[in-house]
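Order of writing sets the labels: A, B and C. Residues in every chain begin at 1.
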Amino acid sequence: MIGEPVLEVRNLKTHLMVKAGPLPVVDDVSFSVSAGETLGIVGESGCGKSMTALSIMRVLPRPIGRIVGGEILLRGEDLVSKSEAEMTAIRGSRLGMILQDPHTSLNPLHTVGNQVIEALRINDRRGAGGSLPARAVAMLKKVNVADAERRVHAYPHQMSGGMKQRVVGAIAISGAPDVIIADEPTTALDVTIQLQYLQLLQEIQAETGMAMIFITHDLGIVANLCHRLIVMYAGRIVEEGTVRDVFKAPSHPYTEALLNSVPAVNRKVDRLYAIDGQPPKLTQTRVGCSFAPRCPYADDTCRSLAPSPSPGLSGSGDHRASCWKQERGA
Amino acid sequence: MARFITTRFLQALLSLLVITLIVFSLSHLTGSPIDALLPDDATQAQIDNLTRELGLDRPLHVQYFTFLQNAALGDFGDSTKWKGSSAAEVVIDRLPATLQLGGLALLISVVVAIPLGVVAAVRKGSSIDAVASVIALLGQSLPAFWLGLVLMWVFAVILGWFPTSGYGGVTHMVLPAIAMAWFQIAALTRLTRSAMLEVLDAEYIKLARVKGVSERAIVWRHAFSNAAIVPITYFGVLAGSLLTGSVVIETVFAWPGAGLLAIDAIRGRDFPVVQSVVMFFAVFFLLANFLVDILYAVIDPRIRHQG
Amino acid sequence: MRKRPFFDGLPVISLTILVVVLVIPALFADLIAPHDPYKAYLRNRLEPPLFFGGTTEFILGTDRLGRDILSRILHGAKYALSISIVGILLGAAVGTALGLIAGYLRGMADAVIMRVVDITFALPSILLALALATLSGPSFQLVIFVVIFVIWGYFARQVRAETLVLREADFVARARVAGASDLRILRKYILPNIVNTIVVLATLQVGVVVILEATLSFLGIGIPRPTPAWGLLVADGRQLIVSSWWISFFPGLAILLTVLSVNLLGDWLRDRLDPKLRQV
């Protein structure tokens, strides 16, 4: 069930302050996600999708990452203006996150039980009953960790990747957050384990009704899991819409190329895509459409003027793309 | 874990064996111990007597095994300078003073270096980081004996805050302990800082952050506990260099420990005493390293679960 | 990685200090020293330095026997420099040879050599020097021996690591196919590629060696008296620190300046020539 918008990102701009100058890794990005909804963010590595997630969590790489503009509204409260202490309280309890590589994201020196307990302890908003260890076991059961009573005492190195990622999932939902951000959570897992994990995420979402942002470069997953998606390129959103609309009528040449390069649903495509060239270096001064150098349809307009999002594609207000050429196929 | 500890213990024993071999070769190959033991005007009869008494007329490997046997029992012969005592007794008498001073120096090193290294890493590029790197550079470049003298001159002679030298209470220990700790502070700060920098970049730190752990708990509970493995492995070396440092610092401050004893023994050509100081220090050093290995296994479950 | 200009100020300053404090005095002490370093001006005993009640005659003051401290420091540079050069050359030669053997032959030779390296690292060097000094008395050779013992392991370890990589390189394989002998491969193909590493390591060791030599001499188990080695000069003033601080202070300052500048230079050289040594 899709409900009210929970998280709204408006004109977010994030820079990495490197020696060569500020790098606009997230450039004027806006989107929202509602309770019970799953939003996919798609793009090649370096397109800004992870930086968008880190901006929302306010855990950008220090000291170089900085939000330089825009708003991030969590149930109407702007996170950009929150103090570090306020954000610490929000993280984990109202915003949860699952990281990419389960093999490195758990602390090797603590038992998984203690890591879940730590999350339960700091994020407890309702004072749920039961002792912390008992609740940790319950959390592990919730994410389908078999033999949870024994596994709480295990260390990360004694578990498989899929199992560890379940623990990370348990930590992420321990505070019953409004929004959960999953940053390529299945990339490091085997294919069969991937499917189980995605199912688990869907079940949890159905049960808790939280909003989910799912970051991936795998369009197969998006097709199965997400309601809407945004496609990012060089720090900007180039297309967004419902999964059905975008898959049926991709309106940006980049989206089109992404879709063409997916051989079959659920096949992971790692080093993308049948598109020549590489994403632009963000240090280069950008004139015109960022995708123009790789775009088969680009003309002088594309190379000199940046396109702005045009709504109303597919006969719906939600499907938009930033491209001068979107009439071409239609 | 049992296998890990057994391996490390055997390695320590092997090192000890090599050290005894070196000490033995030194005493028997680079010059006859007879020369060291007897006055220069000794008669041939005296020399022959002592040669027989010490078993020096027997084959080398037999001598070595005798030496090993005696060493295992803590018997390194009688002191030639401090008549009437065995060399081991003379050394054991002085060990407490060395351990007091070394213990205080160790405490100072850890208390200063660990927080400094952690803060320097957490606030990389800040003024505290700059201070830490200056200390690291100066630590490598200042000779400890000279630093000891300068401290003595400034804080004891000019300011009169501490006694200049000699044995006594804590006030007597402050200056020598600082001089001894100085190099260790530099080394430990540098190690802690680089280990922390590496750990702070780890994914599990990011996860701790996104699950809402406070900054202080991230730094100490999550990052430091992982980074600590590096300075802890260094503690073995630290204990060893504090011991050898004691030779230098005790000489500077006339602190009557085993280090000063060794220097006095050299001046008095008392080889049994020098030899037992060397062996005591070596055993202590290997023991410290062995304990560090165990500690390492206790902290890190990945090592604990090996084999 | 930030690219540094080849001549930023620090290495130039360090090099200048090094030349002024160590190299020039070591080579030309006879010409520039104002006095004979051994001559005792008995009437001028314990004269304080200039600006502390002394005269221009003895700029850094005199010791208990009335010997000129500045002249003694200038002459002392010879010992610091020669011990560093000889000790490091020999230590580097031993370490490089054994490192090449370990890395190139691997197997048993490698295991044995690396185990010995571990053990020498585990043996506190001062203890070795103590034992040696009791038996043979302090001497130049003893200091060199201890220096070799202390530093060869660093060279062996690093050279071995790089040889392990280089022996698998294409150009080595081609030379082997072309029939080059092992010795020729080591000399013509592997050694030239690790020279940078050896140079940087050697520079980084100079500070260690200068301090080691000074410490041994200070303890009376290094260079024998009455040589004006820096460590001995500091030891001369130990008993007199209460009344005549300058006797110990200035020789120690010379050690500090030498080691500090050579360490700065070593760090800079490492960054320029061999960034992978950063961990060392």
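Just so we're on the same page, a residue touches a chain if its C-beta (ideal position, glycine included) is under 8 Å from a C-beta of that chain, and two chains touch if they have at least 3 such contacts.
Because the structure is a prediction, the values reported are computed rather than measured.
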Centrality ranking, top chain (CA atoms only): B
Most heavily contacting chain pair (counted by C-beta pairs in contact): B-C
Whole-Å gap between the CA centroids of subunit A and subunit B: 53
Distance between chain centroids, defined by C-alpha means - subunit A, subunit C (Å): 56
Where subunit B and subunit C are represented by their mean Cα positions, the distance between them in whole Å: 22
Subunit C residues touching subunit B - in the complex, by the definition given at the top: 118-119, 122-128, 130-136, 207, 211, 214-215, 218-221, 231, 234-235, 237-238, 241-242, 245, 248-249, 252, 255-256, 259-260, 263-264
Residues on subunit B engaged by subunit A in the complex (per definition of touch): 124-125, 202-204, 206-215, 222, 225-226, 299-302, 305
Subunit B to subunit C touching residues, read off their complex: 14-15, 18-19, 22-23, 26-27, 30-31, 33, 36, 137-138, 140-146, 149-150, 152-153, 157, 164, 240-241, 243-244, 247-248, 251-252, 262-263, 265-267, 269-271, 274-275, 277-278, 281-282, 285-286, 289
Subunit B-touching residues of subunit A, taken from the complex the two chains share: 57, 59, 63, 84, 88-93, 95-97, 99-101, 104-109, 118-119, 122-123, 155, 157-158, 168, 171-172, 174-175
